[in-house]
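After this come two complexes, each holding chain A, first together with chain B and then together with chain C.
Let's look at the complex of A and B:
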């Protein structure tokens, strides 16, 4: 599985750095680091919707530290 | 206007040629437009009307070559004997003796530009020229130009078909903050997107990557020179070949951020936009070519905005934030050294004390390199910037007014990330070192 986290200016200002840290933490916790590849992306084209990530081909917007666990469960854990 | 409209037209033709890439036979991007060169007379030291023909005639006494005689109550200099030492000028109580050199020669601190004895035109010695562009800015007749890649970039943008074919990224140097005084930075970013760039990324993010890696390398190797300024690096290669292995093995911030962008999007085209003419040479180096597709100066960007009739002030502000305070202050002299010191702190490298020597302008660089080559330099890290004041003094800047280092620092403080590590964390471990 490939996960792209948007690090363009807009998402960066809305907290991509935190999402990257949370993602790394969650993958380590679930021992998924060798199954899931995390990359950065410059702009996924959804600049106004909060931090955007792409899980394989699916775009997920508005990712925040508050909803991260739920999004991780729904889009990552659920699909593996 | 010069002598006549025909000459103006001929020069315009040459300038168009330069905008299309200039003389392709000449590997240097800094080129002389012979027709525009006004063949300024070089009189060297001359006696002006302020000479009183005084009876002390200190000028005559001090001249080591007997080049000065007093005739008809005025000093006269025999230019066949004069060696241009300037002693006469410094002793004259009336400051009546002054030095006249061509502005291009005055500007060139590496001695790369001289008058061609046959046609009297300025001539650049490519074995000495570091492409810093100071002669380009200083020539009052606009006779020296930095050849342009602007048509390559226009073609690249057009063929990207709005990002459908491939994406074109603009990497902007931190000195952009003080360039477009009439518009807000966010409007410049918006303007770049109107031109067809898919995204705009700060070169300062590359600077963050470099300062982390460079500080580790410094601690490991004990002595380094910076590798950010391409004119400085070229100066070492051409004048201090024995010091080449002391140059940091990191790419410049431009190269580093290009490498990162291409790691996220292998089809990407990356265009660097900055104040620097030497970057136009750097991106053609084999170790940089894979990461950077073209280079523009701020002047050329301004020309593109004008040509496309983009009124920046009417655009809604976009955002630009990819780097830390420390990455952004690379734009001014001393910033790189501050960043490396901070990187030592953040990475808790305690077994080595960095002692940076900040070299502001190529003359200071020369002195430091000379000392270092004889092991006499009181320091272990040379921050070399060919332009005085650093990149904010670059020849490709739009404004050449007084440079305010505080302005750069102020822009730095607006960055969201306060530490280098937190800014560089988004690169997910992409190394700014040369190579894949």
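Let's look at the complex of A and C:
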């Protein structure tokens, strides 16, 4: 599985740095670092919607530290 | 016309407790024709010294640049400087370095420590002719230039550094020569050389300079063009034209902005690999595209570069926080401030609809203003700047 986290200007300002840290932490916690490849991406084209990530081909917007666990469960754990 | 460039830079630190510096460096002209650098050190310290050195450096640089003789210059200074009520003298020492078409250096010195001349990174003694002008002894030298020739001028605060503190007799000129030889590196800018020497003086003074201390450096470099592209063109039909012009330029290439770098990668037919490592949490990571020297995010990165440029230009900043960092903004600063002599900006005026959100502190106006501000600062650093809008 490939996850891309947007680090374009808008997402950066809305906290990409924290989401990357949370993502790395969550993958380590679930021992998924071998199965999931995390990379950064420049602008995914959804600048107004909060931090955007792409899980394989699916775009997920508005990721925040508050809803991170729920999104991680729904889009990552659920699909593996 | 040769392929050389005259790089200049200087740094001053004030005597402990003084708000004004009694040393003054004035640079006029441009590397394309004639460039004149004057370092003047006014008698005493504080406001009187500051006025004396400001007048002296302004008068000398203007007159020498206009091709007037040193006799006329000295005569004008003697008749112009205000006389100190306490000491009954009007006095400022000076060093003039005049570079003619990156080809010949003329050095005129009066009572400052002698200019250090490095060729291939080693100290070289140069012929000095001593001449009486009025009642003053002025030293003159003419030196044909080569690539990497470096001149280091200083006020006497530099050679007194550490007197009675870490050193008994201060830091002698020969110690500064040894230091300059040791730090010399062909890629270093004049500003960096000045900064390193002044920083060492400040250390010897234990952070409490006993006199105003200034180092001004002139270095002959190879011309090094750098091209920076930010923003897609306002008309999407112009993308290919803009990319063609940009990638046909000689020199290093920097592309800033997510959309812009995606378009550039498409134009080159290469993948874009965005790094996930945040080196500085405030600056978005950089990306790699084969054929482009540096790919970064846009507005946030550039606004940091503008901050760095502002600090770099203040004559008493000796920190240069960008010099050893690896984030996008620091890398742009290294390429533009340290390495570049000629900089071409390719600025696309497309409006990113996503950025028109009132909740975002980035918008179209800011991008254009940032580039204009940056171009202005780079001009003040003595670089040749061209900005094209698409």
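The rule is short, and it goes like this: the second predicted complex is superposed on the first by the 80 of 80 C-alpha atoms of A that agree within 3 Å, B and C clash if a C-alpha of one lies under 4 Å from a C-alpha of the other, contacts with A are read in each partner's own complex, and residues count from 1 in each chain.
In this text, a residue touches a chain if its C-beta (ideal position, glycine included) is under 8 Å from a C-beta of that chain, and two chains touch if they have at least 3 such contacts.
All figures in this text were calculated on a predicted structure; none of them were measured in a lab.
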Item to check | Clash or fit, chain B versus chain C on superposed chain A | outcome: clash
Checklist entry - Touching A:59, do we find chain B (first), chain C (second), both, or neither? => result neither
Checklist entry - After superposition on the shared chain, which partner residues are touched by A:8: those of chain B (first), chain C (second), both, or neither? => result both
Next on the checklist: If we overlay the two complexes on their shared chain A, which of chain B and chain C does A:48 touch? Say first, second, both or neither.
Outcome noted: second
Checklist entry - Now that the structures are stacked on chain A, which of 4-12, 40-48 or 256-264 shows chain B clashing with chain C? => result 256-264
Item to check | Common interface residues of chain A - those touching chain B in one complex and chain C in the other | outcome: 7-10, 12-13, 16-17, 20, 38-43
Checklist entry - Okay, in this complex, where on chain A does chain B touch? => result 4, 7-10, 12-13, 16-17, 20-21, 38-43
Next on the checklist: Residue numbers of chain C touching chain A in their complex, please.
Outcome noted: 257-259, 261-262, 272-276, 278, 281, 284-285, 287, 297-300, 352, 354-355, 357, 360-362
Item to check | chain C-facing residues of chain A, complex | outcome: 5, 7-10, 12-13, 16-17, 20, 38-43, 45-48
Item to check | Partner chain A, residues of chain B touching it in the complex | outcome: 169, 189, 198-201, 260-261, 263-265, 318-322, 416-417, 422, 425-428
